[in-house]
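The structure under discussion appears below in the form of structure tokens.
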Amino acid sequence: MDVILLQLLNGLDKGGAYALIALGLTLIFGTLGVVNFAHGALFMLGAFCAVSLSAFMGLEKVTIDETQMTAWGTPLEVRTPYIVDWFGSAGEFMLDFSVPLSILLAIPVMLLVGLIMERGLIKHFYKRAHADQILVTFGLAIVLQELVKAQFGANPLPQPAPETLSGAADIGMALGFDPHTVVYPYWRLVYFAFAAVVIAAVFAFLQFTTFGMVVRAGMADRETVGLLGIDIDRRFTIVFGIAAVVAGLAGVMYTPILPPDYHMGMDFLVLSFVVVVVGGMGSLGGAVLAGFLLGILQSFASMNEIKSILPGIDQIIIYLVAIVILLLRPRGLLGRKGVMET
Amino acid sequence: MSTFSINRRGLLKGSAALGAGIAAPTIFPSYAWAASYTNEPTGSSVTLGFNVPQTGAYADEGADELRAYQLAVKHLNGEGDGGMLSTFSSKVLKGNGILGKKVEYVTGDTQTKSDAARASAKRMIQKDGAIMITGGSSSGVAIAVQGLCQEEGVIFMAGLTHSNDTTGKDCRANGFRHFFNTEMSGAALAPVLKNAYGTDRIAYHLTADYTWGWSQEGSIKKYTEQLGWQTAAAVRTPLGAGDFSQYLTPVLNSGADVLVLNHYGKDMVNSLTQAVQFGMRDKQVNGKDFAIVVPLYSRLMAQGAGENVKGIFGSTNWHWSLQDEGSKAFVKSFGQEYGFPPSQAAHTTYCQAILYADAVERAGSFRPSAVGAALEDFEFDGLGNGPTLYRGFDHQCFKDVLVVKGKENPTSKFDVLEVVEVTPRAQVEYGTDLLGCNKGPFNDGA
Amino acid sequence: MGILEVQNVNKRFGGLKALHEVNLTVEEGTVHAIIGPNGAGKSTLLNCFVGRLKPDTGSVVFNGTSLLGLKPHEINQAGVSRVFQTPEIFGNLSCFENVMIPAFARRDGSFTLNAVSRLSGERSIQEKAMHMLEDLNMGDKAGVQADQLSRGDKRRLELAMCLVQEPKLLLLDEPTAGMSRGDTNTTVELLRTIASRGITMVVIEHDMHVVFSLAQKITVLAQGTPIAEGLPQDIKGDPRVQEAYLGGAHL
Amino acid sequence: MTTSTKTDTLLLWVFALATLFGPIILAPFGAGYPDLLQKFAIFGIFAIGFNLLFGLTGYLSFGHAAFLGVGSYTAVWSFKLLSMNPIPAIILATLLGGLFALVIGFITLRRAGIYFSILTLAFAQMSYNLAYSVLTPITNGETGLQLDQADPRLLDTAFGIEYGAALPVSSLFGLDMNQTWTWDFMGWEIQLNAGFYVCAVVLILCFWIAMRIFRSPFGMMLKAVKSNQNRMNYTGLNTRPYTLAAFVISGCYAGLAGGLMAVTDPLAGAERMQWTASGEVVLMTILGGTGTLLGPVLGAGAIKYMEQIFSAFNKPELLDFFSFLPTAIAEPLVSVLALFVGEGWHLTLGVMFMLIVIFLPGGLMEGFNRILGLFNRRRGAAGKHPAKTPAAAE
């Protein structure tokens, strides 16, 4: 029972990440009709916002101690972060909370990245074939990740969660389990809550603001909305920015779970496409539903009990589910008719 | 070659069949047939091929390997401070290149994919005339390139490859490995684990689901079960899983009190980071402190796991903090060139380049069979791992193995591991029948 | 016994009754028009003929075989061709190829792996297609890419594609929709020529001028039910028909 | 009509000669060595086959690498169990590639558009994941399937062919596939390799078949599928068997390419089936020019060339190259350029994709046609040769 509960938590946590990435991807599909292969790269850029901030805050005052030598024969360098030097314990607190603080950096940066990407590149590809969109955004993804690699190297860079959130919570106790049976890392709980909040915010934004209403109308019938004299293109540009921010935030908050490296975007790319397609192209609710569904199924498929009956099932479960769902429901779980079918 | 005559006949027939457009081989100048082995160096220089991962997950290790090779080339050509040449027990290298020929090199990107690695190795052999191929950062690639070098008739000096198979069931006469393997890791780690954790332990293995992972799991199981440990479960995880939470949570209540992570590279960084997040380093099970073991450590990768490596045991081929003369000379030489200490990948590849050059010098020829014979059963010292034997039977180096632990109070970002035990060579040696190597004859190619 | 016999066809979409007890007989060699106000169920009925929709109850029998449950390509192979409201053509192929494709479909059936023969060696098909284009005054446009054509020419091309199959029954869904007066007149002339060759046609049309200059028989649909059927002159004066068309505007 | 047949014959001849003289033509570009030439031919075949599906029907498969992988595994097994002769290996690889495509195509072609793409991707990733792990007894997992001294090779044994103590080499009735004749030609070392010529002959054959398909009624039907499936159905044509046939033919091409990879280099690794490998052939086709005959071969060549040649440059070589410049200029120039070569060759690839698709949507073929058009226009303007009127009817 405790094992099931833990796997459910794992699934929700994974699902949160899948849903966040897929949400932006499907938003871009639904509004702009663009297949964005650079979406994984946006996730990766978000993660590197966190890396940059902690690197920036971690800038160190270097004093060279000539009396001591390193093993490789250079004088020993004594390093203290400027921020600690200046602000004392407040500085230490900021260093500790660099990942959550990175959200503040990631929002403007990712918005800007999104706007530049859309205005500079994507908008020229609205009317082009999907194959062209794939090629150009894939090229962009490679360029972005190679630039990050040139700057930060290829190895993962650890981004610890804040000290107070780095342990694990004994949540089983509250639910009547024995102590120490259902423990779960604080940060993963934070991540799940964060994913839920962001998803809710995006839905609320589209549901309850006039801006969102116009965007939804535009998703349903772009031409008609255009005929009403509403500048739908500019709104779609902003939608692209929002999608970039959502992907970026997913990346920022994921860094304590998965030490970021330049290639992490590609690792998530295929998966996020599968999630979007299973959910139904252009369906926001579908993306969220499919994200959680696949996350949970993946978790359960990895259990020893199941693997011993079906070896290797955990490696293919996502794809297997995608195949079954697409054959049973041609347009995905909540897909609308006519989207991306030609 | 019992089929030589058939070959010759068929060959003429075949080439005639290729038809117009290609001249028949008879018009070729005869010197094309005179080369007695692949890429025999005829000029004043000799070309080595450095095949390292430049893209993909191991790009940083590949970059470090390349740095070490460039340093070795400098030293071989008599530039720089000579590094380990001065501490190496064999003194035939004079700093005038190899056999008086200046050492030049070409590079290739393995991408940590067998196909890409073979393609770039072929380019270096077929186009650039490389006489020897070396490098790599995974066993799949090492075995693939080793097989290629056997076919092409050049020597392969393996880089970072830890699977038993490289010098076990997939060994080749033209291939040589300086790095240690999972069998040695198991043999070296077991006594240390016994001292630290006792003999009454239950281990839970998470294993990367491919050849190296299985090999590592098998070795650790074998040696820990000899200690009296039990194995609760051994679970296979997909390569590049990213999030390992679904494999980690079953560990919590399995009754196991040791978690063995048979992962390498990014998988190791991720699974270790996440295991620590699940509180596994501070946990108590069966009245004992829960322990995590990472059988194969890489310092470059351990940096990616940050603070999570603290207090966690593993094994490694070499570490820059070693205090023997060879290691000190190498660290100094490398550090002054690049400003930071070398990794074990850099060390093993540097050694391989030096060992190759030395063998050529001693053999007096670049001919692969002659060089190979010079390397076989070669005893040497002064390259950082103590007295070492290049065993002739399977072309595996036997030397001391380091058991390391994540350092509690690192003084710099390079200082993440501390050496807790140098397991002497005698303890990690194994018989020739254990891994079943059948390497076949040398191939000189052409 | 007509070439197309429709009996007691019913079709519902959820709560909406789209077709109700439709009975219809199309005689061989005639032009039969189906008219009715918007939403009367004309297109739904047509879709039931070609296999796009399946009636809930009732039967559609063509030339002695039931069309129910057949796929569109099977119905076409049985001899029914269809012209769409907006021309459905192969936009990025030349007009010549557009006409060759149906010619092949008629000769080789719904699938042949004809990968070894050369298009340029298919003399009889080429002649047939070229002949068809010339017949419809499009000989000079043979090499033009189809989506470069004017709307009228697209319609004409689509007709050529249907006619080259020598269909036993030709279905036309508003063949003059969105056309200028001039284009409409030319199209009507064209259709009359085709009709005069004895090809059976079912026409759905809004334009009464077109209907009365073409049809030998007219069925009027209103709210999914046939309310009148007969010769054009009978229909013209039928008060029920005038009633159905927006409260009796004079036709 | 006859002109088009003539043009085709000419194109075929030019293509065949260019392929056969490849080792000489490409030597000055540093690409005239056997392995790269073999890769050009093999990936050329792969891309031609992919284009038969994608270029003609518009179905974008993201799983074609799976068929390539199946072909490779089949060929290596054929070497192990039957004979080192490449002919049974190639035939079996083609058949199994096609068979695998038939099964996957039968399921995936029920959907179109991006749904089809993701379905094929899912199948290919499943194949890759399984080949890497649980199917190791068949695929030898990470290490890849290799030849062994102790393999049975039943046919070879039956014909009394033995291979001595060394590992056997695939050989066409005695002509070893790794046999290379070198020849000094105007200062360049020309390498004529038996394995390459086997690939080249197969490539020319494949090109010819593709050309015949393009010009056949079947090819026209496939173009019609891309153009308007609705009209296809109402014209009495069943689209499913057409798309399935295209999918299977293109799977055969992929299997054949995989088989040839094993013939020239008898090792089959699982990463050949990874989605990135499927993506690569998509990129080759689009880069060269989707739906053109020659484009995919050019695209395959361009990407393989970059992979080998750009990745081989390193900083010291660049510094050497620019040593004629003063260091103040050379240093920064080299550090910028170094981003694009050696370990940064992926960056060049990414930039190239973007530039091509932005400025040359029709791929390299469009580029050539534009240059050709420019040339023709200039000649036309000079009044010597009036611009040719486009041929009517075909």
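When the chains are written out, they are named A, B, C and D in that same order, and each has its own residue count from 1.
Following the convention adopted for this analysis, a contact is a pair of C-beta atoms (placed from the backbone, for glycine too) under 8 Å apart; a residue touches a chain by one contact, two chains touch by 3 or more.
Chain by chain, the UniProt names read as follows: A, D = Branched-chain amino acid ABC transporter permease; B = ABC transporter substrate-binding protein; C = ABC transporter ATP-binding protein.
Only a predicted model underlies this, so the values are computations on that prediction, with no experimental measurement involved.
*Asks:* Closest chain to the protein CA centroid?
*Replies:* D
*Asks:* State the pair with the higher C-beta contact count; candidates are B-D and A-D.
*Replies:* B-D
*Asks:* Find the geometric centre of each of chain B and chain D from their Cα atoms only, then give the gap between the two centres in Å, rounded to an integer.
*Replies:* Chain centroid spacing, chain B to chain D, equals 33 Å.
*Asks:* As a quick test, compute the distance in whole Å between the mean CA positions of chain A and chain B.
*Replies:* Computed value for the inter-centroid distance: 35 Å.
*Asks:* Report the inter-centroid distance (CA atoms only) between chain B and chain C in whole Å.
*Replies:* That pair's centroid distance is 74 Å.
*Asks:* Could you say which residues in chain D touch two or more other chains, in rising order?
*Replies:* Counting only residues that touch two or more other chains, chain D contributes 129, 133-134, 346.
*Asks:* Residues touching two or more other chains, restricted to chain B: which are they?
*Replies:* Expected reply: 59, 63, 209, 236, 238.
*Asks:* Going by the contact rule already set, what residues in chain A reach two or more other chains?
*Replies:* 312, 315
*Asks:* Which chains are in touch, pair by pair?
*Replies:* Pairs of chains that touch one another: A-B, A-D, B-D, C-D.
*Asks:* Within their complex, state which residues of chain C touch chain D.
*Replies:* That would be residues 50, 71-74, 76-77, 81-82, 84, 88-94, 96-97, 100-102, 104-106, 108-120, 122, 125, 130, 142-143, 161, 165 of chain C.
*Asks:* In the complex of these two chains, what residues of chain D are touching chain A?
*Replies:* Counting only chain D, the residues touching chain A are 54, 60, 107, 110-115, 118-119, 121-123, 125-126, 129-130, 133-134, 275-276, 279, 282-283, 286-287, 290, 339, 344, 346-347, 349-354, 356-358, 361.
*Asks:* Per the contact definition, I'd like the list of chain D residues that touch chain B in the complex.
*Replies:* The contact residues of chain D facing chain B are 17, 20-21, 30, 32-36, 39, 129, 132-134, 136, 141-144, 146, 149, 161-167, 169, 171-176, 178-184, 191-192, 194, 197, 261, 265, 267, 269, 271-272, 307-308, 311-312, 314, 316, 342-343, 345-346.
*Asks:* Where on chain B does chain D make contact in their complex?
*Replies:* Residue list for chain B touching chain D: 1-3, 6-11, 13-15, 18, 21-23, 25, 28-29, 32, 54-55, 59, 62-63, 66, 70, 106-109, 113-116, 118-120, 122-123, 126-128, 138-140, 143-144, 147-148, 150-152, 165, 170, 209-212, 236, 238-239, 438, 440-441, 443.
*Asks:* Chain C touches which residues of chain D in the complex?
*Replies:* 1-2, 4-5, 212-213, 215-221, 223-224, 226-228, 230-238, 241-242, 245, 390-394
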